[in-house]
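Two complexes are shown next, each including chain A; its partner changes from chain B in the first to chain C in the second.
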Partner chain A sequence: MSQFLSNSTILDRPVGRSQRSAEQNVSLSAFSYLFSEMVQYHQNRVDSVSALEHRLEAAGYGVGLKVLELLAYRARDYTRQTKLMNMLQFVSTTAWKALFGKAADSLEKSIDHADEFMIVDYAPITSTSVSVPADLGGLSVDAYISGIIAGMLQGAGFPARVTAHTVEEGDRKKAVFLVKFSASVMSRDATIIG
Partner chain B sequence: MSSSTSTTATTSKTINAQANALWQKQPKANAEFFALTYGALVAELVRDLEQTTEIQAELDRMGHSIGIRFIEEVLAKAPELKVSQQFMETVDVVKVAMKLFLGVTVEIVTSADDQYIVKMNENPLMVFVELPEDRQDLQYSQLLAGMLRGMLEMLQFDCDVSISSSTTTGNKEIHELKVVLKQVLQGGAGEEYQEE
Partner chain C sequence: MTSSSSPSSLLFVIVGSNEPLFEVDLQASSQPISDAATRQSYFVLHSALDLVERSASNQMYLKIVDKVNQQQVSTFLTAGNIKLMLLHNVHQNKSEEAIRQFFQDVYELYVKFSMNPFYAYDTPIISEAFDTRVRALGRKYLS
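And then the complex of A and B:
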């Protein structure tokens, strides 16, 4: 058997199970500049704000799927979330900490819609160093993070539509990621005991 | 061009210590998230452009755009860095820049009067990456090469920066960038940075 595996591939390299490699950092500048180039690249290829946001979401989606796998692999107990609230907790605390260095500022449930939840972040890494010119009003580059959340939820079996909104609160702004689960998720969750 | 002497060049240890101190103060972002974001970008380029040469050219162009801006941050945070007309003294700037950008300590080896090799023991961009069989010739980290090229250009040195070794070419364990000076650019914006 081993003669077929003579070439060392990426699967042979440790993916970094230790916390140390998970916590390695680059500069915030590096991320900001990279993200800025990414946004500009997409911007040159589309002609509407919503198309740009879609592209950023799509980019984030793939990342979300991978992040889910990586975090699930790293968690000692390999637990797969089956309850909706537990999954949302996972996203807003564990995943947020892994990606952004701290848990999300809050996780809220919508009063009006049973299938809607909000993850709030006061300073999302994607928009803190970005200023949107007036002619692109309404653009939220946080769409990239929406995509990541959507990818993670989809990968875990909780398909949802995720959108990023900037909300003013007093004299500061916060990013609100609105998560709207599909009907199948809601009905399934109602049947799970626990 | 004279090679730098021990009286003018800061020692390697001093520069590394300086770079480390500056790194401590840098606001940080998660390296894996950075790597995954870069991966998403490269994947997009592969989908849109298909030709390896075009993908690399685009990565290089993006890196260049980052480099010409990032150098400002480096020089602002490390005002004690000597910016001069001596090409070999850019070595110190590159060391500090790589540390400030990626948190990576690089070793620089001079291979001739007008060239040096930047060696990285680790490359945060490639931590999850393996190139498929039909893309083995893609220099995945070309963005870094473009970035160095852009930074050096702002320091008035027109250089060729290429990836001479990575996990797919050359010595597979080390990531290396080769910097070759083409010409010194004349005057212009660089003058206020230069010391008499």
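And then the complex of A and C:
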């Protein structure tokens, strides 16, 4: 029979006073290692690129839901986002800073479709140390980050389809997360005043 | 207690997107509450859910969202649209400030609890530690 030396549970641990507490940071190499193991784990269990991306998205989804609650709590102002643009700002600045150490490089609105937005990151940590062989075609492991974004938006009440794309820009590549909101979100947002 | 008078109850419920995730009766009294009273309490709480869905405020603490007979429902909505709801009686005279403090502390507990990677978000909370602490908060702020 094991002896439990302490009675403290997760409910006793501090959850982070500010958004800049350095002790919360994890080394990039630790993350890259874990992430690479996770990708390999899923890769061995699927037989198509889209299934692999799907699994990575599902893995990120759970993270997104919880990160949303954590970051909203850490803001300590007991408010939640009800307007679309504010929620997107929250994701591309606050959430990005907390997760990746810096804000997203840009947040853009699509000209062709009113319900599509793009979050751009020039060096997403999930793919900077990943090389995709030719036979895996259009695989983007950034699907994990798409899942995180989708989880955050879904949790906050803005269901959306999020996909990750790698786009060439001059001589460098950038990751573009395309966010397409459901019709219900767009119509509801039109009615909210403010 | 006649069937026309409303029961004196203090019910706290956490509601997710599909189902209640956590329920506790914070009433300190030792007399058992009748079945009819409990059913009525749950009914009032859940019908207040519809009003919460429709509120457009960006504040998490929504104060009193519904009043039925003598019973009132106060709600706190988290960033992930998880509803913390408290059913209380007018006669109990709980101050809004006390309820707000209670909700804020339970919210902190909830956020910490959901950080557990083995807890699937939006599923029932069955931790004893969580239950004990919510009851303790109930005693601290609401009695």
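As a working rule, the second predicted complex is superposed on the first by the 180 of 194 C-alpha atoms of A that agree within 3 Å, B and C clash if a C-alpha of one lies under 4 Å from a C-alpha of the other, contacts with A are read in each partner's own complex, and residues count from 1 in each chain.
By our rule, a residue touches a chain if its C-beta (ideal position, glycine included) is under 8 Å from a C-beta of that chain, and two chains touch if they have at least 3 such contacts.
Computed from a prediction, not measured in an experiment: that's the story for all the values here.
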- Query: Looking at the overlay, does A:79 come into contact with chain B only (first), chain C only (second), both, or neither?
  - Reply: second
- First (chain B), second (chain C), both or neither touched by A:101: first
- Message: For A:66, using the defined touch cut-off, is the partner it touches chain B, chain C, both, or neither? Pick first, second, both or neither.
- Response: both
- For A:37, select first, second, both or neither according to whether it touches chain B, chain C, the two together, or no partner. first
- Item | Partner chain(s) touched by A:192 [first = chain B, second = chain C, both, neither] | second
- Query: Touching A:29, do we find chain B (first), chain C (second), both, or neither?
  - Reply: first
- Touching partner for A:155 - first (chain B), second (chain C), both, neither: second
- chain B or chain C: which reaches more residues on chain A? B
- Query: Common interface residues of chain A with chain B and chain C?
  - Reply: 9-10, 15, 62, 66, 70
- Message: Quick check on the complex: what are the chain C residues that touch chain A?
- Response: 56-61, 77-82, 104, 107-116, 120-122, 127, 129-130, 133
- Residue positions on chain A within touch of chain B in the complex are 9-10, 15-16, 22-35, 37-38, 41-42, 45, 59-60, 62-63, 66-67, 70, 98-101, 125, 144
- Query: Which residues, counting only chain A, touch chain C once they are in their complex?
  - Reply: 9-11, 13, 15, 62, 65-66, 68-73, 78-83, 155-157, 192
- Message: Under the definition above, what is the set of chain B residues touching chain A in their complex?
- Response: 23, 26-34, 36-41, 43-45, 48, 58, 62, 65-66, 69-70, 73, 100-103, 124, 127-130, 143
